[in-house]
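In the two complexes below, chain A is the common chain; its partner is chain B in one and chain C in the other.
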Partner chain A sequence: MVRAVPTPLRILAIVFVILTGLILLAPLVVVVGVSVSENQFIAFPPQGFSFKWYEKVLASPEYLSAGATSLQIALLVTLSATIIGGAAAIALHRRQLPFSDILATFFLSPLVLPTIIYAIGMLMFWSAAFGPVSTATLWIGHTVIALPYVVRTTLAVLAESDPFLEEAARTMGAGRIQRLFHVVVPQCIPGLAAGAFFAFNISFDEAVLSLFLRKPGLTTLPVQIYGQLEFSPDPSVAAVSSIMIALTIVLIVIIDRMLGLSRFAST
Partner chain B sequence: MTDRAENLILALPGLLLLALAFFLPIAQMLVLSVEGANGPTLEHFVRFLSDPFYLGVLWRTVRLSFIITVICAAIGFPLAYIMARVGPRARLWLIVMVILPLMTSVVVRTFGWMVILSRGGLIPALLRDFGLVGRNFALMQTEAAVVIGMVQVLLPFMTLSILGVITRIDRRLEEAARTMGCSFLQTLRTVVFPLSLPGLVAGSLLCFTLSASSFVTPNLLGGTRIQVLAASIYKSVTQVLDWPFAAAQAVILFVGILLVLAPYVKMTARNNG
Partner chain C sequence: MANVRLLDIKKSFTTLQVLHGISLDIQSGEFLSLLGASGCGKTTLLRIVAGLESVSSGGVQIDGRDVTNLPPEKRDIAMMFQSYALLPHLSVYENVRFPLRMRHIGSREEQDAQVRAALETVQLGHLAERRPRQLSGGQQQRVALARAIVSKPKVLLLDEPLSNLDARLREDMQVELIEIHKRLGLTTLFVTHDQEEALSLSDRIVLLNAGRVEQQGTPDDIYARPATGFASNFIGSANLVPTQIIDTPTGPAGKLADGQLLPLPASETTRGEATLALRQEDIALAAEGTLKADLRTRVFLGARNRYVLSLAGTTIRALTANDVLIEDGAPVRISIAPERIRVIRG
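What follows is the complex of A and B.
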């Protein structure tokens, strides 16, 4: 194999990767840095070291209630998106429905439409049909946005599964329900799990839909942070943000263990 | 029960959800955009397209999205190539480097940039120390701040789009080019780059679309002076409470994005057919 990449180019590549890494990770590092600062004002590099902003967050009713709202909606969305999307992916994979190609595009369409256009439509539709927005509005909206991710991860896993397992179960006399729950669903588990974690992440971090559908008492964590940033941020915003970053890291580690990051990143 | 009935039952909840909670709301928005006091009207569109202020907003949106997309492509292509060609361990770390920001809330990342770009922040301080700018130099509330923030937000999308295509390129093609006398850079230019164009195009369209429709980062880094179309929509909904006008602006954004996407969809359809 010819592998000689000229040495100057190798060095250039390393410098390039380090610089790009700095751009990509700098905002996250800075946020975590600010969150442990003793200073009253937001400044980086931080001065001193203290966890007082975390204590302030954990004693703040606004952040706690926003956190509870976010968590509640994210868990509901994880459940609904995984069940509805998983079932749809199984049906799409079998390709026995009429217009199955068009159906697949249909299920992935929320990916293509910018969220802001959907958010404004959802706000107007909900107000006209049901009146004021509620937790259910955000639940349904986030489920729609997260659905394509579950469909995609489940379809990807099914594409690599053994199609004859279900046939084998059928010849051995397993009924329709038995085949579905004892053969097909277990085959989907890695895809369903990855989809579930994506759904949680999308709902928990989502800001656009949540900003359009907000009202007093229905404030998610990203909306609460956005509101603070528009007015008078103190380092407690950084503490909340750092908690969200930590949660993202946990999710990435779990997804890597379940599915492998490399595999997910190149599809 | 037939197989077909079983599959229909499995797909039905998703079909209903998307029909009722996705396509119906969008239809509602389309209807509202032509709603006037006395029946259907195009007055909201006329108002937008005849006001120099809103035309300026539209032009700024297109211009910034274009700049952001070009910068993302310029960084994303080499990054994706390096990711595809390093060893598995290094690749895993690079993937984490790209995916960690991608999966972090946009609000949190923009906050980080607010700290870095603020008057006392790292970048202005650095530029001042090198004597490149004066004492009153500010980055916040400028288009440059929006571009920097948005590039960081969208670079992962671009990189992953290109990476997906580059990993599928047969490496023997590069080796063949090298053995036949191409230098490394010639190989990159004449073999790798043309073959990765589909990823580059798809990534660019994604970046342009997401960039044209985002308002969180432009609002926080650019402020009210530098308004983009999505920010104007948000303002019409939450502050002015002029919903039909907001719907009309959303339709303009939607049509603009379709115009950008249409040639690409046509192109891929022809390649597949």
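What follows is the complex of A and C.
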């Protein structure tokens, strides 16, 4: 028998939920508020109302070039992480590889490994092996960090799929390659799309690795925001952040409309 | 259409042997049922014909050609799965077209005509554009059937295709399967654990027990003349009563554990230890009768009553019309026409 939750506990739970929501949303409200302030300094509550900081951002070559770099790397990472992570998930799902459990853990390890350790290692390794860092360094680094998300979302969809589909396809004359492209990959698409969304966002937001690997011409948007905050903080930082928030929301809405994100919320 | 020959097929999974040498000849156009309890090897045998499972020894021939080492995609077969295995990302139409696409059968126009015809056959023409998840279980099952027959395969393999349907739909689908088989004449191998399904659909039934063929024959034949205790129990759920067959002045009779005598046909030649197979529907309950039994329980089945009785210490079941009503625990008398009794030696 499940007993009814006592009223005091119930009230506590509601308070907890409201607090959690506030703590999650308050920073966003502050950032968006600051971005439309007339004030020269980052201060909340905002004074006056203007879009001048947005104008400044859109006219700033530093922000625009950092934005372009971030977008370029994020798109490359989305592509590579989705292909590699999807392939890895399909292989892991079949459990035909030797040590497939160990491999699964290995693919998820970037989630638990501190990014700063990985960033230092990547910098030292790259410098020793290939010399100065480049776009490729950041691309590879971000791909590694984004992989676990694609692997997880794709594995989640595969776990729900009918294990007899491939056998059925065999009895209908589909060879190995045909089965991959007509049966397995189409089943993975919701997971791949969700994973691609995560990969894009992780790369676009990533600051630690990008900071270690930065050099002139290889400054991503989060690194640019960090630099701006350090040396000449003004509400333009909040304006850029608001644009990033808006972009993320638009992406979420698109993906959700197309595929439904709810099923990944629990995995 | 093609005949299928199975040559002494043996199959082991690691240390467990599930098929102990099965040989079968399936005629061209025949509807053959593999009947047996779960774990008897019937599905493994079907998967071997499909090529989804390898043999440990023995061979499979389709249309006179040895296909033992051919993968399923190279065999001209179609298989219907218990879960239907429809491709969720494709429409009903594209699901049915899938085998034609994969096997490169016909031009786009010819494929279209074949898909439309197959969908009409299962009366789903109007749902061609739907996705599988928008269909009911019965409709999904029809799509799976259309997809299995669309390429006119040499052999049609059905793996308990009706087991996920409710009783009413199952009866409808049985009729449909019979009619489709009559019309297309596909060589069909049907796996089921349901003896009624096997009896009503098949040209021939092969009864499997623990990886061996227990008995095979036409439904009439196997129903009327079960060869073994297992067969008579599995087909028609007959009651098995141990007996001693002796001669009496009126002819042979089975002497039960409590000394009661059950008359047997004069033509019966077995004497001594034997088992009597008494079919549930052949046992008549009445105030008058040859044998005394104790009534334990009555199970009301709607159209019929099932009585659970104790006869000479053995529990037996009898099916009667629903107007036969006897109080619980009352002594009853039962009678069985001698010619309806099957004697199993040993």
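The definition used in the following text is that the second predicted complex is superposed on the first by the 242 of 267 C-alpha atoms of A that agree within 3 Å, B and C clash if a C-alpha of one lies under 4 Å from a C-alpha of the other, contacts with A are read in each partner's own complex, and residues count from 1 in each chain.
By definition in this document, contacts are C-beta pairs under 8 Å (C-beta built on N, C-alpha and C of every residue); 3 or more make two chains touch, one makes a residue touch a chain.
Keep in mind the model is a prediction, meaning the values are calculated, not measured.
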First, second, both or neither for A:A174, with chain B first and chain C second: second
Touching partner for A:D162 - first (chain B), second (chain C), both, neither: second
Which superposed partner A:A207 touches (first chain B, second chain C, both, neither): first
First (chain B), second (chain C), both or neither touched by A:F107: first
Touching partner for A:H182 - first (chain B), second (chain C), both, neither: second
Chain B versus chain C as contact partner of A:L24, first or second or both or neither: first
Residue contacts on chain A - larger count, chain B or chain C: B
Chain B - residues contacting chain A, complex: 1, 3-4, 6-8, 10-11, 13-15, 17-18, 21-22, 24-29, 32, 75, 78-79, 82, 88, 91-92, 94-101, 103-116, 118, 120-122, 151-152, 155-156, 160, 163-164, 167, 175, 178-179, 184-185, 209-210, 212-216, 219-220, 230, 233-234, 237-238, 243, 246-247, 250, 253-254, 257, 261
Residue ranges of chain A in contact with chain B within the complex: 1-2, 4-6, 9, 13, 16-17, 20-21, 23-31, 34, 42-44, 83-85, 87-88, 90-92, 94, 96-97, 103, 106-107, 109-110, 112-118, 120-126, 128, 140-141, 143-144, 147, 151, 176, 180, 201, 204-208, 211-212, 222, 225-226, 229-230, 233, 237-238, 241, 244-245, 248-249, 251-252, 261-262, 265-267
Parts of chain C lying in touch with chain A, wherever the complex brings them together: 50-52, 71-73, 77-79, 81, 83, 85, 87-90, 98-99, 102-103, 147, 151, 157
In the complex with chain C, residue positions of chain A that touch it: 161-162, 164-165, 167-175, 178, 182-183, 186-187, 189
